[in-house]
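You will see chain A twice below: alongside chain B first, and alongside chain C after that.
What follows is the complex of A and B.
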């Protein structure tokens, strides 16, 4: 008891002076403001009246508050909700499949008794070092595996990731001791049963980490639709935003109600609606942010300790 | 035992093969097309773009590597010194946030500041200073700074978390001993924290050096909104290849540039890995 008291005291003494502390805090408040300000700006724009935006430009404080942009997005945005749905489906299916495949690959590599583990480990590493480039990759998905313009194109290319696989392998290796597997075997559990009933539940933290990495990857993906998707029914939310930034008319063109009358388009809260979509797409991330943060930090720390 | 050890990897092999096919497809059309040897490469390297995109890629990455090392390490050390741990948590959370946003969102953020008609800078800052509005998306001279800013903005928080984790792993006894010997905070940082972080700094930097030929497509394509007037400072190998493939449909040229990138990139990775192995063989990638 006494010694911990002492250590606490000495740590207390070993702190920076109050002035320096204030200085550092000031620096970080500035840095934090720089980090958050752009996000606040688009939130502010999304709540500003459209005419105000056209006349006075983008401000941090809406001079004339308005929820018309959200109103528009919610009531008229068939295109937007469809894209949102696609993003959700792709993220859910992609994350689950991806987790399954990564774990199935990583688990044997984590076992000492697996004879070919070095070969398969190299097999995965090699993809991190060398790639054929965009063109052959593009050709594979347009000609050899013709899934261009299907929903699968936004899922399949990201299913396997060598880096996540390595992190998962380290997870298996450090959390599941060989002796646990041995005892399961003695109790008569087959390999599959051991894997699904004993090993996976033990590695829940690892699954959460990799799962969140995958979720983030799928949710934020715009690259696959940019390269492969030309069918506008399949646009995900990120790619829809990409299109919208280039031309706001795009939003209206997808919705039959609006494409008929150009006057309605002119009345559309275009600038605000654009930013409202951006805010709506960030929504889930902010919502899941505490989880993200918790497991990302964990994952990063483990990923750094390569086994 | 045999079942899981051989069967499950087999599923993995199928997946890995999928990735491997990225390296070169087995399509007959490829074999049937005319053999031109290094003709495409020759053609590619004779264009002014070859130099321009290589220069841009390498210079930007060099700047990113240096700033991506110095800024997060300095911030992590300072963050660790803040007396109020609650504040540390808040700063860390806020600065980590940009990492979770896609480049599309970042391009929206950039647009809200730099939009020529109604952007925050043109409408508010410049007007209040009484200057003429700047046509941001047509003026190359600003973009090296803008791109560097957004790169830092997006990744600094992430790197701080990595370094902070390493700092918290340092045994506090070192600091206590140093304090007893009368070392100031400044001494402690330079003689304990920095040397102990050095291995991690070296590894991360070398890994980044290994990828120096690979540019972040999202940054260079989305943030400048693919504006043609800016190509002289924003075009990198990745964006060039993409445009050659999708817009100008010059497949041979795109393939040549892509292969050039893959091979040179592979060489730099091997070199970087060789250096890593020399320093600390445990941390080498292979």
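What follows is the complex of A and C.
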């Protein structure tokens, strides 16, 4: 009797007052609107007639509906679709490899029995603080490991991420108790078997979280192609978009001091077409979210306890 | 624990040594700027030299899909003439080109020819950093380029008397003026020949304001403002204070944003703004051309040259009348506006130079790179002018004409004035050669002041250029912030360098 009352009381104690509840909800509704509105606007612009855009500016409801922008995207030929394909391949391969490598590094560090774990933890931590600088980094991938202008250049530099590795290590440490590993050992499992059959399935939430980070990282990346890729067949979709927008912005800013700049801007894809590219580039990644969401909250909260 | 520490130190030392070794790789590249003195034995005909591939980086819209086809056609010609083939890479404007080119230059990659300018793959910075090969010896050995460009223009692009790049032979001067919307000019029978100054535009703006409620008389966005018609001979970037008068009247560098003429101009713009001649959102607009396309504006300030109106008509789809206001001048803007340079990392600088020479002397090579293949990418008319086949979807329409070589060797397009090049040449001859031509400001000593002043200018110029704010209060604030940003040091450093340069000349 006494104890159930106590539980009830403590539940009541945890409940927020209605006013606070409304306040918190309102706050998050506003935050959501701020995030969603621009995306809706982009979609709306991509469906608006070009002339209408120039004269009347942006509107959430297209004043004059048109699918001409998508026409451009589809007929612009294989450039966009190839870039799309590159993005998908890079994201898939990159995420899987990256997860594997991060886990393989993080797992030993999470084990008490690993002797050099402090050294290797420091080794990873060091890279978070100090970098070699752009030019030496560039030379590593062009001269030491010549993978410039191959698809690998968009995968390899992001394979290992010290920060994700640390989250993963903490996740291993808190989710997989040493005694589980011990019992596996007693049952005759080797290190690899323990890792792949016992530890990884237990850590699905962590894998999903880090996996999502990696997916987003690879999908949204335009920096690696910007620095390394000179072969236009290897451009990914984000880079294509970045390149177009950046060119227009640059030319419009008047920094390019040549008299033909106005003519060049006129040849650029129209506003609508740019938005259409943006819309299709959101495409697959938006589907990744619900897939990961199941694990996401759990993975994040646990990962947040670091040390 | 002790052992780990030891290992850590060892690894750190190794990492450090390794990264030092890596950065060291760039060093041997720099001194190889000796010119052709060592290679003087090779025969100029190229008969005995081994075939090489020349890698070229150019800025543009995109790598045109038909580039391989064009190169397939071009390479046999190059092979015969200089026993080389071309690998042409086009990267996009702004960051894309700058990032790729600058990193490759710094890493000493073997690129043979790069496009450079005061606004792309920064010519001054890369030249003074030793990333470009000095070309004077080549220019003497193969004199064709010197003859075509003329000493004046070529010297204008030299840094401390050394040429690190060869400028395109095109319009060598600039002037400023307005473009007016043609249908309105016709409607009100305006006599545009009376517009010889900014103020003279006012009656026309008034006509539009009074009679055309739908039309905004004057279109302004960012630096595309009537302020440009004051035509300051700027020492550094557009948004860095420090300029000379563009009529050679003195040698004292002043802060042109707060010069009496400029303040007078701000007042005029304020007056126009209050009268409703300028759109109220002008200070936040980004792109003048986009605005002009909407057809809701009557006048826009522009940098001009012969046939500018036709060009803007093509890109906006609206008819414009060109009104030249300021006299043409030859300034650093033009001499370093578009050049080709040979990176220090190039293994075949001489061959690269001879390829560049072909761009000045060989119309076939120039036009092939510029327009593609006859019959596939363009058709030639009886009068020698050409028509690009389906320009909007053309697989090869890179618009390279003004980027390298001799633009006067380019075919004219069917919608262009057949006299275009003659007019260009006449225009070039009219230009006043500024005393400051060839002076290059080296920012290194005042880097912080430059960027601080830049920030201040960026924060104020739009309001002042568009008349959106009260002039007196704003300039007082503008001035005090510029002073805090160290403008005095900046101007005196500019003056010091300019005086030293003039003394050396």
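The rule is simple: the second predicted complex is superposed on the first by the 225 of 307 C-alpha atoms of A that agree within 3 Å, B and C clash if a C-alpha of one lies under 4 Å from a C-alpha of the other, contacts with A are read in each partner's own complex, and residues count from 1 in each chain.
Just so it is clear, a contact is a pair of C-beta atoms (placed from the backbone, for glycine too) under 8 Å apart; a residue touches a chain by one contact, two chains touch by 3 or more.
None of these values were measured; they are calculated from a predicted model.
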{"item": "Partner chain(s) touched by A:34 [first = chain B, second = chain C, both, neither]", "value": "first"}
{"item": "First, second, both or neither for A:275, with chain B first and chain C second", "value": "first"}
{"item": "Touching partner for A:232 - first (chain B), second (chain C), both, neither", "value": "second"}
{"item": "Superposition-derived comparison: chain B or chain C, residues of chain A touched", "value": "B"}
{"item": "Touched partner set for A:81, first chain B, second chain C, both or neither", "value": "neither"}
{"item": "Contacts of A:156 with chain B and chain C, given as first, second, both or neither", "value": "first"}
{"item": "Which superposed partner A:246 touches (first chain B, second chain C, both, neither)", "value": "both"}
{"item": "Chain B versus chain C as contact partner of A:192, first or second or both or neither", "value": "first"}
{"item": "First, second, both or neither for A:118, with chain B first and chain C second", "value": "second"}
{"item": "Contact residues of chain A, present in both the chain B and the chain C interface", "value": "54, 116, 122-123, 132-136, 138-140, 143-144, 227, 246"}
{"item": "In the complex with chain B, residue positions of chain A that touch it", "value": "7, 10-11, 13-16, 20-21, 24-25, 27-29, 31-32, 34-36, 38-39, 41-42, 45, 53-54, 56-60, 101, 104-105, 107-108, 111, 113-116, 120, 122-125, 127-140, 143-145, 156, 159-160, 162, 185, 190-192, 194-195, 216, 219-223, 227, 238-239, 241-242, 245-246, 271, 274-275, 278, 281-282, 285, 289, 292-293, 296-297, 300-301, 304, 306"}
{"item": "Chain C residues touching chain A - in the complex, by the definition given at the top", "value": "1, 4, 7-8, 11-12, 19, 22-23, 25-26, 61-63, 65, 89, 91-96, 99-100, 103, 106-107, 109, 117-120, 171, 174, 222-224, 238, 286-290, 293-296, 302-303, 305, 308, 311-312, 314-316, 333, 337-338, 393, 399, 402"}
{"item": "Chain A - residues contacting chain C, complex", "value": "54-55, 75, 77, 79, 116, 118-119, 122-123, 126, 132-136, 138-140, 142-144, 226-227, 230, 232, 243-244, 246-247, 249-260, 262-268"}
{"item": "Touch list for chain B against partner chain A, complex", "value": "1, 3-5, 8-9, 11-13, 15-16, 18-27, 29-30, 75, 78-79, 81-84, 87, 90-91, 93-98, 100-105, 107-113, 115, 117-120, 122-124, 153, 157-158, 161-162, 165-166, 172, 175-176, 179, 185, 188, 200, 217-218, 222, 225, 238, 241-242, 245-246, 251, 254-255, 258-259, 261-262, 265-266, 269-270, 282-283, 285-286"}
